[in-house]
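Two complexes follow with chain A in common, the first pairing it with chain B and the second with chain C.
Moving on to the complex of A and B:
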């Protein structure tokens, strides 16, 4: 009987024990071979090789313990300092309490000089050339696209009738907006040496609108992008898997993907960085405007606002009725994009 | 008596084969990605992103908000801020 069993066992070419052993060998070999082969194939000079294994394996920053955060920051500071040859700090200053950031831009003042665009690139360590990644895009819109009818401004809502307040009045602002600025025939890339402003055009800079209900956050399969307590949509670059779903979901096309290794010359690198803000990004991750959170979390204004020579940009706390942004909302003619899809952007355009 | 497939020689043979396969796969991946990521291709991809934004934004309309719309929007923003997460 026992002989019979032994014969049967011998007949099985590969037992479960052998199978598991082989899996174990393969796993161990893969672990050993992977870094070695990467080093051998891309070479130590490749930027990819500079990202440490520990950095690649780290978890979502928000879910890390204080000790893990400290280690991750130290690791980044060390790498950036070595790579750019200057002492680099990576802050993890948390979002201040009691603050909801909002931004307002005066269309009638903007002269389209693009100083904000370049200040943003410098402040936020974006790829400089070949290509230069820009988070702000200035649209040049013919003034003929603007229409406004002041007397209809507050019309279009259900009104009392002889029959009583039943039903919803059809028409009004929902169908014929009382004022608007169509972006048809927009020129996004007017020549850099073009004299501005052209008296026949409005200039409308577009950047991340910091939606209160951001579709990009809903689209992210790994929650690498999320809305911080100040209402700013941020990205954990190390957690981003580069699937670009957020880019597809953004109604304003405001996100930029690093298709290649960003080209950031050490001399132009801004060494004062924030983990969720302007720290240098790597290939294969998404990036976008964060209202310069490395500045705003410390009570400073965004770089684009400081660079604006005509004071067209205003920034402030929406929770504070005395802030510039709240006063603008209360007193100015404010615009929003019609197709906002109930995303509640916190970036407003106004005139006056 | 050690079975032939359990010998040390067989073990090293398997380990070497696995290392070889992983290294070859990684090297192939590097070759493929480096050839497709030439500077021209990458610039084209960046330009594609910007063009996509152009196309999206050129179909938009900035609409003037009424006082009521402004109030509703602000209420929504402020309520959302003060909302407690369960």
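Moving on to the complex of A and C:
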């Protein structure tokens, strides 16, 4: 009996050894083959035609049954894992209940270093080159007052009249920027090696303002973009038809379009993704800031906030009186960008 | 069934028959269709990165041309309406040609929209039932509905009239029962497609130059100028080259419509510019850019003044009776100029400069790519070739050259 068992275990051992040996061979073969197969899967054709077809027929994510959602997520994970050569997770963690996300940015602290811009690109899997897609744009706005001049005192309109030889109707110092959040004299592009902050300018980062009344959502013909229960405007990248009506409607220039196939090097890809957040996008769809919902739905802070070296950025739940944002709203001088558009952003700017 | 088959056969074989000039014209269009098939394939496989659009100016030549085709499609009802509303005998016969123009231009416009889409493979997302159209909020959904309904209304009208005339059963009394309402609906639907298209633009509060109440009126006036220009050119060609009789009174009516439409365009532009420029707030920034450029970026300024000058010039010219009656010389010239002016006005005055300044104050110029040009020409060529063939076939039926003959039973 015991002998029999022994032989059996021997057999098992033997077979296991063989098995391990085979794995070794197979592994070596896989190692040899892998560069080829990875290359083949990175090409313009998707790794698996079946996956692609199934994905192109999928419905609006929110309207799917739990079973369908599960298959859709599995499909995406499989595709991303094959394409980027690393284990990718696509989460569909639901929006936490009783939360309204809000953001506050201190423009007197911002130094224009654009670390938030780059942290955002790394976190959210944007296309890296040709073009690099950035969701945050930092406006560089001239501080006012320095261009008022005595020379312009008689330069107005009309230059001479019966009432006097100076601009009776329009002063010579009109059309002079006086600072403030005007887009009139802004510069949005500057060299990578530019020293910041420039003492004659102040900086205002702009990203999706997560409006309570978003004009982009109203304009979307297929409801691919909508407010989630936390008040964040999200996009189902698999439902978007690429008509760009939302881009036309947005008063903040916050939306970015994938004009071509996004170029995301596998080495730089962030494999921890969310369906509505930072999962890699495809050609011909819109994308934008989601307050890093893959992080914030799990109670973490957005990447731009973590990257800010001067602590100009604050994030939190607008329904919680103890949150940073609420305290700022209660104690600081707060305003919204382009208030006249009646979009009611949940992105606030403040001074002090 | 055999009747319908022989209708299609006879119509088709008459449409492709013509003189050397006719074949040269078809060959010319076919060239652009061939080249365009390649560029269209490139764009479909590689994406819109091949065209000149950017996140600052996301609307391309396709979008601009789409608006123009909507102009002409809407205006084609001006050929249909007089015959049915005012019972003008000289125009009732020609109504079908107006409908062919409407159908071809709506179809061309829809093709332009397909080129504009980032994911044309997902257009089914807009279908009710399988998709999830954002009704009643999205203006693009309305526009899709009105354009498609207009397309099928005209398709139904054209097929019915031509087929009935072909088999010799065209009877005004029998027709009245269901067909006249269809025609009336099509006449009402014409302006509707245009108003909806204007609303797609003017509904964007951030687009300072578009968010104006006069936009639909400007569009309708431009439709009234560009559409009849094409109609006159087409009628003059038909009159010269076929047996179909088109009386001077028809041409004169179209000329009158062009004249007053040009006048209304000037009034609308004046109202718009006065309102914007008197107070000259930031809402006038795009207009200032369009008129005078900005810090050396002045690509659009010559186009602006050229367009306005051309509209004024054509308005004055068409008021001169000598020009109006010069059917084989000056009138066609004016019509070509009006048509081209409105065509060029779309990208260079309406669409591209309106995006500067961008929401964050950037000023940009738009530079179309070669692939974009060829895709635009491809779409135009498809539209014009279908227009040519359909009008040719229709003329054959209207003149009675194409008729149904009972097949001789041979054994």
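Following the convention adopted for this analysis, the second predicted complex is superposed on the first by the 262 of 352 C-alpha atoms of A that agree within 3 Å, B and C clash if a C-alpha of one lies under 4 Å from a C-alpha of the other, contacts with A are read in each partner's own complex, and residues count from 1 in each chain.
Operating definition for what follows: a contact is a pair of C-beta atoms (placed from the backbone, for glycine too) under 8 Å apart; a residue touches a chain by one contact, two chains touch by 3 or more.
Values in this document were obtained by computation on a predicted structure and should not be read as measured data.
**Student:** Quick one: is A:206 in contact with chain B, with chain C, with both, or with neither? Answer first, second, both or neither.
**Tutor:** both
**Student:** Please tell me which partner, chain B or chain C, touches more residues of chain A.
**Tutor:** Answer, by number of touched residues of chain A: B.
**Student:** Regarding the shared-chain residue A:281, is it in contact with chain B (first), chain C (second), both, or neither?
**Tutor:** Touch partners of A:281: none, neither chain B nor chain C.
**Student:** Taking the superposition on A as described, I'd like to know which of chain B and chain C A:295 touches: first, second, both or neither.
**Tutor:** Neither partner.
**Student:** Looking at the overlay, does A:215 come into contact with chain B only (first), chain C only (second), both, or neither?
**Tutor:** Touch partner of A:215: chain C, not chain B.
**Student:** Considering only the touch criterion stated at the top, classify A:139 as touching first (chain B), second (chain C), both, or neither.
**Tutor:** After superposition on chain A, A:139 lies in contact with both partners, chain B and chain C.
**Student:** So in the superposed three-chain picture, is A:346 touching just chain B, just chain C, both, or none of them (first/second/both/neither)?
**Tutor:** first
**Student:** For A:224, select first, second, both or neither according to whether it touches chain B, chain C, the two together, or no partner.
**Tutor:** After superposition on chain A, A:224 lies in contact with chain C alone.
**Student:** Which partner chains sit in contact with A:260 here, chain B, chain C, both or neither? Use first/second/both/neither.
**Tutor:** both
**Student:** Mind working out whether A:247 is in touch with chain B, chain C, both or neither, as first, second, both or neither?
**Tutor:** both
**Student:** Using the superposition on chain A as set up above, list the residues of chain A that contact both chain B and chain C.
**Tutor:** Correct list for chain A: 137, 139, 182-186, 188, 206, 247, 251-253, 256-257, 259-260, 338.
**Student:** Quick check: in the complex, which residue numbers of chain B touch chain A?
**Tutor:** Within the complex, chain B contacts chain A at residues 5-6, 11, 14-15, 18-19, 22-23, 26-27, 30, 37, 39, 42-43, 45-47, 49-50, 52-70, 73-74, 76-78, 80-81.
**Student:** For a test of understanding, state which residues of chain A touch chain C in their complex under the given definition.
**Tutor:** Residues in contact with chain C: 44, 56, 59-60, 63, 137, 139, 182-186, 188, 206, 215, 218-224, 239-245, 247-253, 255-261, 283-286, 338, 341.
**Student:** Within their complex, state which residues of chain C touch chain A.
**Tutor:** Contacts found on chain C: 45-50, 53-56, 58-59, 116-123, 125-126, 131-134, 137-141, 144, 200, 203-207, 282, 357-362.
**Student:** Please output the residues of chain A touching chain B within their complex, sorted ascending.
**Tutor:** By the definition above, chain A touches chain B via 14, 18, 22, 25-26, 29-30, 32-34, 36-38, 40-42, 100, 102, 107, 130-131, 133, 137, 139, 148, 153-154, 156-157, 173, 177-186, 188-189, 204, 206, 212-213, 231, 247, 251-254, 256-257, 259-260, 318-319, 326, 329-330, 333-339, 344, 346, 349.
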